[in-house]
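Please go over the structures that come below.
In the two complexes that follow, subunit A is the common piece, with subunit B as its partner first and subunit C second.
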Partner chain A sequence: MLGQIAYALPFLAEGFALTLWVSLLVVVLSLIAGVILGVGLVYGPAPLRWAVRIFSDTIRGIPILVLIFFVYYGLPAVGVHLQSFWAAVLALTLFKTAQVVEYLRGAVASIPKGQSEAAMAIGLTFRQRLAYVIFPQAFRRFLPPWINGVTDAVKGSALVSLLGITDLMQAINQVIGRTYEAMPLYILGALLYFAVNYALSYASRRLEQRFTFIRE
Partner chain B sequence: MGYTLNFNLIWRHFDKLWGGLLLSLELAVISIAIGIVIGLVLAVWYVSAGRVVRGVIAAYVEFIRNVPLILLVYLVFYGLPTVIDVAYSAQTSFVATLALYSGAYLVEVFRSGLEAVPRGQIDAGKAIGLTPWQRLIHVRLPTMMRITLPALSNTFISLFKDTSVASVISVPELTYGAQWINFNTFRIVEVYLVVTAMYLVTGYALLFALRLVERWYRTAR
Partner chain C sequence: MATSSSDSPALLDIAEVSKSFGSVEVLRSVSLKVAKGEVVTVIGPSGSGKTTLLRCVNFLESYDSGSIRIDGREVGFRDGGARQRRSEHDLAAMRAETGMVFQSFNLFPHLTAAGNIMLGLTKVRGKSKSEARAIAEHWLGRVGLAHKADSLPAELSGGQQQRVGIARAVAMEPKILLLDEITSALDPELVGEVLAVVRSLAEDGMTMVMVTHEMAFARDASSRIVFMADGGVSAVGPPKEVLAAETTNERLRSFLARFRASQF
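Now for the complex of A and B:
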């Protein structure tokens, strides 16, 4: 039994690497998209605000699995052909972006109004207000929930196994298909996911302790 | 492009989606009911227990929260029966998994709720001669419920969405119904539009109803 699992280890390691790669792509892309849309939600003109609000509430209101199937099966139906890997990354990024938008909105909303008014009073432009006054403070509020939310990307990435992508989850299922050693392999997989996510949530807790103060 | 929407086939098979939605709700309700029991018992135990018990409960919570739900679903349905001698349907297996899953989240919710009960209330309970058990039932739990109800509603709504994972072990809930129509009629865009709307309407209706309950509970008595 152990021999068979040891034999499969390189294959599992590849799956694990793919899980990390998908998660990393999703986290980076959703951070960029989420910050842009989040700024649009807080400071944009009304139509943009409504559009972002509808986008975010819709995405957060449906299961990630439905979103993944919608993107994976729906895009080819309307003539957009993506490799399954990129369809999966796109779906997970949409899901994560909606979360980032909310973290950003919450972080900016937590900055007292007086800060913005004071910046206006000393004649800072809109961009200067964001860059020197709002963002440096909002960053402290944004970081801990964001890092904690990265675990959602890692956990969500396990669903891409359903699209035939050989991530850690799919690699485990394939090795079980050959060896019938279901329990040891599922536990091994659980421990690997646990190790990554626990490290992330631990980091988030540490940061939260460091960043709980806000300079008045 | 040039895709023409045609919902006829969706309506013809709508019973699959409707039945799926009802099953999703049923799975979520049964799971959270068991999850609340798990969460309450463990949270009350946690706040009064020694280090060993606390460690074990914390390990359960951290393990469940940091592992993907789909892996837990596979583990309970395909893994467990290979090591212990049990047989259960996919649906039972999923409910057990989701109950354990929600239990782990609710331990945290209830634990922080119990710790938020003002010290003065417990002291007042002592002062009028309530036993520890009476203090728990008549003072700590009711106050905790009020504090934790919003978090409880949010957990329920996210569990309702999590029931979609049951489709991977062929439990015929809403997402499974969507996939069935997807593969059998190829009206792909239509079916996911309809299913998206069904999840959204149900989710926001639940949220609205639960907020009403919260408001009623806050002002009652």
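Now for the complex of A and C:
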């Protein structure tokens, strides 16, 4: 049994690397898109606010699995053909972006109005106010739900196996198909997912402690 | 210290400013000139528009009609008559010319006392970190907080926070300092230390417009007192005139009577 699993380890490692790669792409892309749209939702003109609100509410109301299938099998109907890898990344990114928008909105809304006014009063421009006054304070409130979302993204990336992409989940299933050693392989998979997410949670807690400047 | 506005050109010129929130008229054609070096205190019942007027001077609030000029330049709208809002960049530059101190201090909680003062100096005035630090330390010394430069706001008392708030505003060398009920959120025993700082700035010739409920301070420290009621300037003049018991202004008389009744 162990021999067979050991033989499969390089294959599993490749799957694990792909899981990390998908997760990283989704996390980074959704962070960028989510912060931009989130700022639009809080500070933008009314049409932009509505557009972001509709986007966010729609995406968050759809099961992620439906979203993945929609992007991969649905979009070709309107002429958009994506490789399964990029279809999966796009679907997961859309899903995460909608969450980041909400985390950002909540974090920024929690900063008292007087902070913006004090920043205006000393002559800071809009961008400077965000960069030096609002975001540094909002960051601490943004971080915990966002890290939660990141661990969700790592776990959710297992869904890409459904498009036939060989991530950790798919690799494990294939090895089980050959070896019939379901239990040890699923435990191995669970441990790997857990290790990544535990490391992320730990890093998050350390960061939060570093950014504790408001006594509550 | 200038005591009248008629002989010198106005540094702050508020002319017929009106503003409504929906159907409520909060400012009704308010006009007020403040000369360089004057200390003008604004008193009046709550809801009379005092704070709104102050917030219009640095355009934290817009106004519907009239004009507000500082040193001849229209504050929120482009020069040249058309009521076109200034660009974000212009507005920021105009606001840097006025300092504001808030009732609730509004210090930046993630920055130290010195950091609060340095932010505007480095990002708006373009000073180097070390220059800004030296200025911050100078002003913290002026408000008696030299030893608190590296404390976070949460580590300071209310009175200390407000003194940092004042230092943050004056360190930018504003042409005019706006003070919005700056002692109203303080415990009574902390009011004195904050007012003492304001008084010393007045002695230095800082031009100030101060909304306050501290009548004794208004009486002793202002060049002129403005009494506002129902969104308009109801009375204006030197403290002795405005606070005179025999005033014929009914609104002012009842305001002062209520105020005197609350003293013991």
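Throughout what follows, the second predicted complex is superposed on the first by the 210 of 216 C-alpha atoms of A that agree within 3 Å, B and C clash if a C-alpha of one lies under 4 Å from a C-alpha of the other, contacts with A are read in each partner's own complex, and residues count from 1 in each chain.
Everything below uses one rule, namely that contacts are C-beta pairs under 8 Å (C-beta built on N, C-alpha and C of every residue); 3 or more make two chains touch, one makes a residue touch a chain.
Everything numeric here is computed off the predicted structure, so don't read it as measured data.
A.B. asks: Figure out whether A:Glu117 sits in contact with subunit B (first) or subunit C (second), or with both, or with neither.
C.D. replies: Second partner only.
A.B. asks: Under the stated touch criterion, name the partner, subunit B or subunit C, that contacts more residues in subunit A.
C.D. replies: When the residues of subunit A touched by each partner are counted, B comes out ahead.
A.B. asks: After lining up the shared chain so the two structures overlap, which partner does A:Pro144 touch, if you call subunit B first and subunit C second: first, second, both or neither?
C.D. replies: neither
A.B. asks: Who does A:Ile176 touch here: subunit B (first), subunit C (second), both, or neither?
C.D. replies: So A:Ile176 only meets subunit B here.
A.B. asks: Between subunit B (first) and subunit C (second), which, if any, makes contact with A:Gly15: first, second, both or neither?
C.D. replies: Touch partners of A:Gly15: none, neither subunit B nor subunit C.
A.B. asks: Go through the superposed model and pick first if A:Gly38 touches only subunit B, second if only subunit C, both, or neither.
C.D. replies: neither
A.B. asks: Please report the subunit A residues shared by its interface with subunit B and its interface with subunit C.
C.D. replies: Comparing the two interfaces on subunit A, one with subunit B and one with subunit C, no residues are shared.
A.B. asks: Which residues of subunit B touch subunit A in the complex?
C.D. replies: Residue positions touching the partner: 1-3, 62-63, 65-72, 74-75, 78-80, 82-83, 161-165, 167-168, 175, 178-179, 182, 186, 188-189, 192, 195-196, 199-200, 203-204.
A.B. asks: Could you please specify the touching residues of subunit A with respect to subunit C in the complex?
C.D. replies: That would be residues 112, 114-115, 117-126, 128, 132-133, 136-137, 211, 213-215 of subunit A.
A.B. asks: Would you mind writing out the residues of subunit C in touch with subunit A in their complex?
C.D. replies: 58, 60, 88-89, 92-93, 95-100, 102, 104, 106-110, 119-120, 123-124, 152, 154, 168-169, 172
A.B. asks: Quick one: which bits of subunit A touch subunit B in the complex? Just the residue numbers, please.
C.D. replies: 58, 61-66, 69-70, 73-74, 77-79, 151, 154-159, 161-162, 169, 172-173, 176, 180, 182-183, 186-187, 189-190, 193-194, 197-198, 201
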